[in-house]
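Each of the two complexes below includes subunit A, the first together with subunit B, the second together with subunit C.
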Partner chain A sequence: MSNLSILLHTALVAMFVSNLPLVRMLGVCPLASTFSFRNAWIYSAVAAFVLTVSGTAAWLIDALILAPAGLEVAQLLVFMMTAATLVQICETTFERFYPRMFHAIGTDLSLLAANCAVAGLMLTVTDTNSVTGSPFSLVEAAVHSIFAAAGMSLAILITSGLRERIDLNRLPKPFAGLAGAFMIAAIAAIVFAGFAGSPALH
Partner chain B sequence: MIIIAVSTAAFCGVILGLFNSRFRLVPDKRLRLVMEVLPGFNCGSCGHATCALFAEALVSGKAEHHACVPGGPRAASALSEILGVEMSKVEAKLAVIHCKGGKAEASVRSVYDGLSDCHSATMIGNGDRTCQDGCLGLGTCVRACPFGAISITVNGVAAVSPDLCTGCGNCIKSCPRGLIELIPGIHKIFVACGNHDYGAHVKKYCSVGCTACGLCVKASLSGAVEIENNLPRLDYEFGDTFVTAAHKCPSNCFVDLVKARPKVNIDTKCTGCGECLHICPVKGAITGEPGERHVIQKTMCIGCGRCLNICPAHAISLWGGLGYGAPDITRYRKMR
Partner chain C sequence: MALAELKRGLLLRNPVFVAAVGLCPAVAVTTTARAAIDMGLAISVVLVIVNILASLTRKLISERSRLPVILCYSSLAASLVLALVQRFLPGVDRELGLFLPLAAVNCLVLERASLFARRNTVAMSLLDAVAAGLGYTAALLVAGIIREALGSGTFFGIGPFPYFHPVRIFATAPGGFLTVALILAMVSMIRSTFTTEKKAQ
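And now, the complex of A and B:
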């Protein structure tokens, strides 16, 4: 495969085939906690930002510090701390230089720092790339992070849009609120499972 | 493993500390005090998205201290103290819904079984009510109110509870028919009809619809009521109480949120001149022969207060307080 097609495959896998919340079930809580489409836009933008930054940073830390020192056992520990630090630094920077943006996304940013989607993505980009069968290169890791983030935003927007539409109806009590949100997420997950295709066709 | 954990944590801590000492903003000390005063509903009536943004604007001098509507005069005085500015007068506002034609009063021309949202109903054949301006009763304004002040009554029409309403105005935009308006909070009387149709048409489909007969215009001596596009418009700046206008309405489409108005009383100073007899808008509320002490029929007096200043002997006074307390918004008081 040429370089470009590998990147394209990586992007599609990250966004659809192994979509973070809907296929790998990592970071499902935003699907349940975003009630309106307008909130979902803000939340998904924040999630995309955090995932892109932390995924790329994880690859760099792993390749430059952990792997040469033989400390792969401590991956998760180091990743979580660096992710939290990075997010905190971003938050301070926003507050200082982009106050309007900070007020729009401020609380969401620190909430996302400890999201399981972040941890999952960090561990994925330091593992082998399922497209090539060899470890991720820096460019592949960056592309994977960006499109995994886009996939997460897509999932949040889809479910929140559906939820906004459904909340207007008279729902039976057991299906209102959180239960309904999870059912919507489940149905969306079935749709996304279709992107992986049937093993019999390969 | 422990060494790795400790050293990573220490490293991250040092980096964050250095970064914060270099870049972190030091918040204004008054900000915390201001946030304590603000009600924290994030209603947006001050023009800022959240209370926190409004607090920042206040501290930096970009907002007025009386801009917080739900906080009212109390928040305004507290804020003016914190910010060190002179307090200005705050006028409380009250949202009213210009319709009281529920299932019992207004006729329905079709069955609507769609989303329970007024905007959806307006898009499908302009709703199920025959009246094209009336309340649809599907509760879009109920969901828009951050204070839970609006409810849909059993009669199927929206009503604002004046005790809970803060006058933030969030509901105004939510109504697809534009039936909600803010009036000065001290006035408790409003016209509960938004229909611009001709009187003869209105009578066919709503028993409490305004027919634009103009009796309320004649009833208010000050000229504070004007008929505009087949609907009376009350000018609250005139100082009129509108009690007489509300009483005279033959279709009963005014709403008085006060439970009971005070009644007048004529004491022994009365000379029997008969001035009050002529000015009283209710026939038979004041009785008495010329030269003798006149008597008020307490059940008929509406408490408009017109006779108070006309009496040359100063024998007339208002007795009894306003019926304060939560008015029954599920069934408005009958005006006549």
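And now, the complex of A and C:
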């Protein structure tokens, strides 16, 4: 495969075939929170930013600091601290410049540091690329992070958009709230399972 | 007191189906009952370590610094569990994959540590961790048994059942969401019947 086609494959795999929340089931919580569609836009933009930066940063930290120093044991600790710092920066910026937006999504924003998607992505880009079967290069890691972030935003927007429409109807009582949110996620996950090709569902 | 705490952790405040925390592994690693138990136990061990640490240092953790500090504890605990599992139980490591290190960011661990252990004594926090951990394991086990039976037609690896054609979707990602959604709906139905009965009395 040429370089360009590897990157294209990496991008498509990251965004659709192994979509973070809907296929790999990493970062399911935002799908279950009851955002309005408007707040979902803000949240998914911030999440995409955090995912992109933390994914790329994880590769750099691993390749430039942890691997040369033989500190792979501390990988998890260092990654978590990186993510927490990044989210704290985002949070402070929001609180200072966009106080109204901050109030709308504040608590969900601070929980982004503890989101499985962020941690999962950081551990993924320092592992092997499923497209090439060899470890990620810097460019591949960056492309994977950007498109995984886009896939995460897409999933959040699809589910919150669907929920806004579905909430207008009369739902059976047990399915109001969390159970309904998971039902919607299940439907979206069936759609995304299609990207992996048919054997997954046969 | 210990019994009441256990009942609270297992049923009244079940982490997954009532409080709805730590849902990622509940959706992901419940394809078989065996994997569900392993995941639940791994999370429980991490939770016990983190709760004890958070409770020991509760005087030092301020409201603003709690998330970074607790994340630090939980990633230390998860690294420890990961290293031990990789060394002694390589099969479990393969089975749980990425979700074993992700115990560091499990919402249940962070919730119990920041809401309970930060305000209570070490003994109480230990008890809380055991109760919540058992409740979590039980919830994963329920989802695991259902998904394994429907998706693969086996029970703890025994089977396949005769005259039963497995519904493959339950072994895949959508099936995880579907199973959790149905269990959540059932729990909310049971809860609403109980609360209306109380009102009627």
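Quick note on the criterion: the second predicted complex is superposed on the first by the 176 of 202 C-alpha atoms of A that agree within 3 Å, B and C clash if a C-alpha of one lies under 4 Å from a C-alpha of the other, contacts with A are read in each partner's own complex, and residues count from 1 in each chain.
Basically, contacts are C-beta pairs under 8 Å (C-beta built on N, C-alpha and C of every residue); 3 or more make two chains touch, one makes a residue touch a chain.
These numbers come from a predicted model, not from an experiment.
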Touching A:63, do we find subunit B (first), subunit C (second), both, or neither?
neither
The chain contacting more residues of subunit A, comparing subunit B with subunit C, is C
Is A:103 touching the first partner subunit B, the second partner subunit C, both, or neither of them?
first
Based on the superposed arrangement, let me know which partner A:77 touches: subunit B (first), subunit C (second), both, or neither?
both
Classify the contacts of A:157 with the two partner chains as first (subunit B alone), second (subunit C alone), both, or neither.
neither
Applying the touch criterion given at the start, work out whether A:170 contacts subunit B, subunit C, both or neither, answering first, second, both or neither.
first
Could you tell me if A:93 is touching subunit B, subunit C, both of them or neither one (first, second, both, neither)?
first
Go through the superposed model and pick first if A:27 touches only subunit B, second if only subunit C, both, or neither.
second
Please write out, lowest number first, the residues of subunit A touched by both subunit B and subunit C across the two complexes.
73-74, 77, 81, 84, 88
Would you tell me which residues of subunit A are touching subunit B in their complex?
71, 73-74, 77-78, 81-82, 84-85, 88-89, 92-93, 95-96, 103, 168-170
Would you pull the subunit A residues touching subunit C in the complex into a rising list?
22-29, 32, 73-77, 79-81, 84, 88, 110-111, 113-116, 118-120, 123-124, 172-175, 177-183, 185-187, 189-190, 192-193, 200-202
Partner subunit A, residues of subunit B touching it in the complex:
1, 4-5, 8-9, 12, 15-16, 19-20, 23-25, 49-50, 52-53, 115-117, 120
Subunit C - residues contacting subunit A, complex:
20, 23-24, 27-28, 67-68, 71-72, 74-76, 78-79, 82-83, 98, 101-102, 104-105, 107, 110, 168-169, 172-178, 180-182, 184-186, 188-189, 192
